[in-house]
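Paired with chain B in one complex and with chain C in the other, chain A is shared by the two complexes that follow.
Right, the complex of A and B next:
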């Protein structure tokens, strides 16, 4: 094996960054801070997991932020105004978002349109629809919300692993298993390698495309529910631009934007890096929170340059002759 | 090799296949028979219909008429995937696998061994290793395919096809990017598969390899079946004659005697000119008012020579001279600056700009030569376009018509006009009569002679030997990327050219391999 896999580089950056922060603010190295970091970024971790599948398959999904926004508004209205039991509201919105993703996947496959355009249209559509439902923030007062918000596993050192953090971790682990251990996962990589070749080799490209966008939208729906737990409200302007944070997390985690390469674990590390920067800025107290964006931008540049370098290395003809046994 | 007629029905039978693309008849009433356990070479020059035949058999193109029988039963696959399901697998020169996946995943994509919905990675690798071991390959199957050479990727593709229970294996130019040693290994695998009863169709333009590996040969020319022969009883000269066509051609046309030509001034000369791995160093002199023909089989180095002469490819040895003075010839720009012109073989992709008008296409090279800061006025453009439309008899005589709407012959004339407008001293024409109808053929040939009477120097590549014989003052024959013979004057005839192309053939067949 030559070189360092991108995931290891991301992990190194995370550990080094964490160590640096801990030197400056020793309090950062506590389960309390780590627990908060996981809770604050739970919805991003969920969305970024779905985004990883989409990007590895050679696509992109710009609609996820809007789907989160729509979900929060829908759930809030359903519970508070329409009197729907929370569980029913959750099932309904998940079915709705999965159908939305399936529709985008179908359009992408059947009309052979660029995913960028189709999901961009989906982004406007979902955001517009959430404004249609309500332009104001709708607070959610249902008892189940306070129960879930209060629920947390105690970690040694006083940290709290909240319910939404647990949901995120379960989805990350599940996503990693799905991507790396199943036939579905192998097909996602195959699609990212070359759609035409994958089709020749027997992969049902159309079905796969639909399933992948369905998965991404479904996870965005879950992220939306998690976001509503997090804020105890539904607001049509929530999670604007989260799709870009998700893409950034995936790329920082070593996923190739052109598809065919990447991992869910890498994306998770990318989410943690973004969370760490945010935490550092909170601890510092003097920096504007927009420094998060600047630091993320710098990191993105660094990782894209790194990937191009690795790709260039891989392109160099490897003069391996055939291993002859006969 | 069989010594008695095969009693069983042939493995693959193709009968009376025809296929047209618009007005172009790509295949006409072609038959093809493949027996189990044989390696059958499918040969023909560019445009003979080999790839069309393969694509019709594998269902990539629908056929117009004709039937395909596999093991006696009629099959009509509608896609490459369906053909694969029926047992006909194709491995193209460009390997159709996924370089980002592991070798094992490539071998078992969409049919991995599973348990409880989980891919059994260990089992898959074990099977992949065992499968490749059959082909004499011992590699790390967990590594991405792109880490391996093209040869290994080819073997992987073949292994996948065979493991998918292929009975017919079509190998389209499999050896084009392999070195000698890798070809040996591939041939070993092919023999082994043939012994197992798989029928192999081998498409290649390397005749040495065809003689080395194949049992029988089918030759196509211009979309028609020329014949099917046993390899062992087909002399190389006869094979080349089958491929290039016309039993004998009468030499026509007026040709200046060789001595007269030697007296003419040299326009451009190339001494020890060549490029490693591209064309062996050659000496070539091009005189004013002379047509030099380049003859040889596909892949013999004709186009490569032309590209070196024009500067489209950079030579790594030798010296080019124009009118006696040493010149730098590193890029097409240098070529244009020196007054060279080049009409490539792929007219549609490398030559014309289909959306632009005849006028715009004609002034393209002249404008490029002058530079963008000295634009040609519209009046100058019109004047130039009209002159060449009249001179070359381009039809319809409408300079504003998009070139894409013209016939092949007229497109060729527009290309010629483009270079003539730059008043070149040397024009290189690669297959100027390819894909144009018979009437236009004669006209292009007449034009070539006329241009050369005006003092232009021409280097012409053609697979049509009678054509070359008709207009060339000298003919350079190429074989295996080297210039092997130069014929002049009375020595130019189809027989001599064929003999030069086939010269080493008899020798190498007996010695085994080169």
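Right, the complex of A and C next:
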């Protein structure tokens, strides 16, 4: 229940923001715009879900953007140049991504190194590897791709719920269930609360760390496949900086960067808020895209300051009672 | 203590020598220097010149990291100060341009320091805010365009020469000496190391932790702003999108290669700058060897991993391995 208030605030901000946008541009309040919002941010939603697990466990994963880039290039080359059937290529890249995440988790746990710098190395490695594969954009012409990009559920009002939006929604719901209803999810919170305590309570800290980074990289791989559906191409420079968007979404969604608190739903709302800002800027037409960055920065600050305040409030009574006891 | 110092830098100096030797193999003219129009030219000078921005960043970063912090925003601060310098360059004198650009760096540093020291935010998070928003601010200043200028004073800052050395290199050297004099010439360096080692203990011992954190972030911001001005002067323009992009990572890497632990504590300014030079020597070597520059990232990743493993508390570093070997022999 602890995670509820920040999520409620995020939801309020989203609803209020949407209402404000709709007052100015009535056309925003249509299923078309909402459908596009979900489609355009599908890969971000998937990556941010994985990032939420990592951050709640007290870590961080800077490599996800590079993993997306590598995945798009790998999938494009496998299908177009090496003649691999798409499904096989997907399975191969997902296995590779998971192994990559597991390797990072292993290094973090075994050598007791800060996740920040290990996943930074992972970021260099994955981006460098995708450059090695190809520095050019490789278009994907496989029939599966056109089928999937054309597929969409019609929503009332003419909106299209595309295949990649559906994949994202399924992963968000799945992620939320995994985090909030399973032993795995409880262990993630335990790790973020206190590693030593979790270990004493019988959580296999090493295995959990490896699994968490594996999950994040696996989801980044899925996001990469979704990104290749979205652009119908593989490009080694795609999704540069997405890790920051993912972290920002999680923070705006009420996930504490020190770990131990947060929710997948909050992160999803955070993704939608970022998407809404972008949509507003598109509708306005006169505002430039750099306002997205500034607005995201301001939101980040507001939410972190808010959390800081909440944490300080929560700690105060404890500190007082300790003072009395001593 | 004096006997310890060379041993501390030994790994870095050896690494630099090995990479220099490798560069010499791929490019036989690597060590050639010639004097032309009062300025030295050659691959070595090129390494120094191109390594300047990261070296400047690492000068600020190493102090921040020594205090258990991190500053992700330096790349964005570079973009902001470069944008300010470029838009003021034509029509204002050099001192005005410098004061404005470095002032912006100071304000950015104050902001970061305020979030960390006063609001008590985690450094990664606090500086992430400016990292995301800062580039937007820089684009706001340049109005999304690449601003060019032709002011000879500012161009000299990026391309001129003092006593044969390129101006950027001279500036970086000056900053290294200045920072060293301030930090090591007083007890400040010791207090920084104490705070990084154990903030609570040093606060109880009477160290003004808050003021020091604030000062360190401000210094980091000023160093980043200076790097931004030099980068802009070098290309005679400011590109808010790409100026200093990902250089925060290179700067952190330089500090880590220089042997300063991300967990704070003991630091070395000279070794951090040496770390920046090692990175640049690798980059230049890869360029000279004719391999695609994309190899850079892979090589960097391998170097980061190697350095990390050497620094790992589990392996207790190079010194630990050496000590164990010595014990085994004896």
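Miscellaneous remarks
Note that the second predicted complex is superposed on the first by the 313 of 326 C-alpha atoms of A that agree within 3 Å, B and C clash if a C-alpha of one lies under 4 Å from a C-alpha of the other, contacts with A are read in each partner's own complex, and residues count from 1 in each chain.
Basically, a contact is a pair of C-beta atoms (placed from the backbone, for glycine too) under 8 Å apart; a residue touches a chain by one contact, two chains touch by 3 or more.
Everything numeric here is computed off the predicted structure, so don't read it as measured data.
By the touch criterion defined above, A:186 reaches chain B but does not reach chain C. Shared-chain residue A:292: touches chain C; no touch with chain B. When the two complexes are overlaid on their common chain A, residue A:117 makes contact with chain C while staying clear of chain B. In the superposition on chain A, contact is made by A:197 with chain B only, not with chain C. When the shared chain is aligned, no partner comes close enough to touch A:54: not chain B, not chain C. In the superposition on chain A, no contact is made by A:252 with either chain B or chain C.
In the superposed model, A:131 makes contact with chain C only, not with chain B. If you count the residues of chain A touched by chain B and by chain C, you find the higher number for C. After overlaying the two complexes on the shared chain, residue contacts for A:305 are found with chain C alone; chain B is out of touch.
Taken together, the two complexes place no residue of chain A in contact with both chain B and chain C. For chain A in complex with chain B, the touching residues are 181-183, 186-187, 189-190, 192-194, 197-203, 260-261, 314, 318-326. Note for the complex: chain B touches chain A at residues 80-81, 84, 96-101, 105-106, 109-112, 114, 117-119, 121, 133, 136-139, 146-149, 151-152, 155, 160, 181-182, 185, 188. Those residues of chain C that touch chain A in the complex are listed here as 70, 119-122, 124-126, 128-137, 139-140, 143-144, 240, 249, 252-253, 256, 262-263, 292, 294-302, 304-305, 308-309, 311-315. Considering their complex, residues 60, 107, 110-114, 116-118, 120-125, 127-129, 131-132, 135, 236, 244, 247-248, 251, 257-258, 288, 290-294, 296-298, 300-301, 304-305, 308, 312 of chain A touch chain C.
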